[in-house]
Amino acid sequence: MALTRDQIAMRVAQEIQDGYYVNLGIGIPTLVANYVPEDMDVMLQSENGLLGMGEFPTEETIDPDLINAGKQTVTAVTGAAYFSSAESFAMIRGGHVDLTVLGAFEVDQEGSIASWMIPGKLVKGMGGAMDLVAGAENIIVTMTHANKHGVSKILKKCTLPLTGANCIKRVITELAFMEIKNGAFHLLERAPGVSVEEIQALTEADLVVNGDIPEMTF
Amino acid sequence: MALTRDQIAMRVAQEIQDGYYVNLGIGIPTLVANYVPEDMDVMLQSENGLLGMGEFPTEETIDPDLINAGKQTVTAVTGAAYFSSAESFAMIRGGHVDLTVLGAFEVDQEGSIASWMIPGKLVKGMGGAMDLVAGAENIIVTMTHANKHGVSKILKKCTLPLTGANCIKRVITELAFMEIKNGAFHLLERAPGVSVEEIQALTEADLVVNGDIPEMTF
Amino acid sequence: MSGFNKVVTSYEEALAGFTDNMTVMVGGFGLCGIPEGLIEQVNKLGSTGLTAISNNAGVDGFGLGKWLEKRQISTMIGSYVGENELFEKLLLSGEMEVILTPQGTLAEKIRAGGAGIPAFFTATGYGTQVADGKETREIDGRNYVLEPSLTADFALVKAWKADTMGNLIFRKTAMNFNPMMATAGKITVVEVEEIVEAGELDPNYIHTPGIYVQRVIKGNFEKRIEQRTIKPSSEKE
Amino acid sequence: MSGFNKVVTSYEEALAGFTDNMTVMVGGFGLCGIPEGLIEQVNKLGSTGLTAISNNAGVDGFGLGKWLEKRQISTMIGSYVGENELFEKLLLSGEMEVILTPQGTLAEKIRAGGAGIPAFFTATGYGTQVADGKETREIDGRNYVLEPSLTADFALVKAWKADTMGNLIFRKTAMNFNPMMATAGKITVVEVEEIVEAGELDPNYIHTPGIYVQRVIKGNFEKRIEQRTIKPSSEKE
């Protein structure tokens, strides 16, 4: 069965290591924070200028001067630091963030990603997404495998304006965990109960399937 | 009579305006601080990372963590700020310092300056001098007009390795206050009792003398 | 220290010399850390043909949203349109030129402008439309885009506290673009919550030294919250 | 927060993995703000063939002067030789390669290295031997030199205080090159005067966030003064 949004986040969380500095994008990536293993510590980076983002505030602790990159009011954890956006993107562009998780409209087998614009329809601006995909060594993209009409978003070549070229290596959808290398998607894991054929059917890109593909475990 | 070192500094100080941020080099430029008019305030920038340099400390207030660009122990005035050397040179390169005063071995009529190296003899490194001459709009060079053998240092073309090209506009020596424009030195003022002919004799560069040249007043 | 007293007491004085067709940077991220009173004053002045450099353009009816309503901006340089419907409309209709710039590149272009760096290479945007028409170059096996820096006639900055000499400190994430913009304006005007005497801010923790600042004014801030997110009351620490 | 505890208790541990022929940045300006114990440890290790990036090279017998004595440095990148006689001798004899770099360019190259900027243009050094062999370009009527950034295998940094997570604050002008170097080392080791618990440093005034720091060690500092200048006792305030 296809993963829920929370299950996608749970699977991403398994890739986290103790002591990681992590940047989580808006949407499913945000949920990842809820599934960091108990015995591990991570520091969340928010690109507007905060390292050590905490949970949402209470009515008593809410502070308009303390927001995250999604413009939500948040708190700061023990050991946090505030800094300018220039410093924040120095961290990101300089490769100091250990893991970046973000959403996408499309990804392709060359590792390119489209996530910021649908011409004529949706213009939100790229915000920090282009910097994040260019700066991080270690990126996980979370997205749905296809749109509601069954049209694949796992493509040979992105059709929408790119956020970054040749920068994505790992993608987790509601159906599969895939790695991009040598110009193709490689199927690493299946969602529990989802067959390789089902994944194949919704994947427009070249999909390499080597041997038995294990199911994800939670 | 030729100016003393202190008189050169006094003449430079007349160019200061109230509210100026000023960077003073080592040697005569340092003396300028002593002659800032009573009714004016200046903030001294020290390029290692201090805005608002004060006088030397006492035995009681000396602090090894508080030095100037000449590596001397100093103090900080009210309203001072400490910052990194990157920030310090952002100020300098970005043209935020109102006046820079520094010494030189040679200057030439193209506005080039040599101040950091005598090949085979003296290698101290350029330190911040190249940044200062490239960054400041408003630079005054203080120097002796000629060496002790009477060889001019006010040249058609510098012979020593340059600190900066085409960046110097004003020079004050023990004999004269000169402006560099249109490929020549223009004599603005004479030291009291020094004749135009004496200045001319010690100036290898093209020297433009327009009308009566006033004596400096102190 | 007369020459260093940067405090002005009216918004008219704060924006003296501000005219049509100027380039103006405005600090803030979303509605967090925006110079509310200075934005209001430009709106009052009614200046048009502005090139506005700001990460966002406020929301409908607040912040830079007001400049949009009055059609004061002819060119907007920012990274995020977000939920601002009027912005999106002006962009799609072409009524306003919009130069969408990645957030980190925008921050760095402003920092570079203030620091006397005319251009720098960054990997951000390589292979995307952001790189269209720009020089690209491979350095040590990676591809980069050459980005020119940004400066402005006026930088409108919001800080937490200033001393009379213009030394600034910011508060939490209200810092965002404000420190870089403070360095990149020919005239930098700072609206603050509190003005203190010189010497009251610890010189070791000043975020923006006064050398970058020309004018300081005390403002009154609404500090509107864009996304009020509260921990559900059922949730315990 | 086990994963974020960066404190080490021996210099051996602090410099684990440090080998011959590495590139190493060393913070400080003159003898102010240098990581004394870390410098000493590299001297003890006897590593050779080092490329050292530091504004100065200490004085004879102290700071990086000790690395010079032991001929540990094969290439020195700095801005000032100053009064260090051995440095001048090794430079003039060609025994050590010396890449003299303007101080501001050096600071910016290191800042750029840490910030993922591979190269930038600066007016500094245009028309001088610093620009020899480098690309130059006219931008808006001024001439600039293209300067590549610098990074290092190890950055040896001196801070005033660190918390256990590696958040740093510096003190007065002992800050100098230390914050940029902290960002530009693959492994950044910080020697501090005091280590405090996480949460004890105000998040609003942290100079270097812990994300840049891999190891923290408490040192004992001599803080030798290079130019002891005292106000003449006759002079009154």
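Order of writing sets the chain letters: A, B, C and D. Residues in each chain are counted from 1.
Everything below uses one rule, namely that contacts are C-beta pairs under 8 Å (C-beta built on N, C-alpha and C of every residue); 3 or more make two chains touch, one makes a residue touch a chain.
This one's a predicted model, so the numbers in the text were calculated from it and none came from an experiment.
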Chain-contact steps, minimal, separating subunit B from subunit A: 2
Per Cα centroids, the chain farthest from subunit A: B
Centroid spacing, where centroids are CA-atom means, of subunit B and subunit C in whole angstrom: 36
Whole-Å separation of chain centres (CA-atom averages), subunit A against subunit C: 28
Computed distance of Cα centres, subunit D from subunit C, in Å: 32
Contacts with two or more other chains, residues of subunit D listed in rising order: 108, 111, 115-117, 122-123, 170-172, 203-204
Two or more partner chains touched - positions in subunit A: 76, 82-83, 89-90, 92-93, 135
Pairs of chains, among all present, that meet the touch criterion: A-C, A-D, B-C, B-D, C-D
Subunit A contact footprint on subunit D (complex, rising order): 1-4, 111, 113-117, 163-165, 167, 183, 198-199, 203-204, 206, 209-212
Interfacial residue positions of subunit D with respect to subunit C in the complex: 108, 112, 115-123, 139-140, 142, 144, 148, 169-172, 203-205
Of all residues in subunit B, those that touch subunit C in their complex: 17-21, 40-43, 45, 51-52, 76, 78-83, 87, 89-97, 135
Residue numbers on subunit B that touch subunit D, as the complex places them: 46-50, 55-59, 62-68, 70-74, 76, 82-86, 88-90, 92-93, 112, 120, 123-131, 134-135, 161-166
Subunit D - residues contacting subunit B, complex: 29-33, 55, 78-82, 88, 91-92, 100, 102-105, 107-108, 110-111, 122-130, 160, 170-180, 207, 223-231
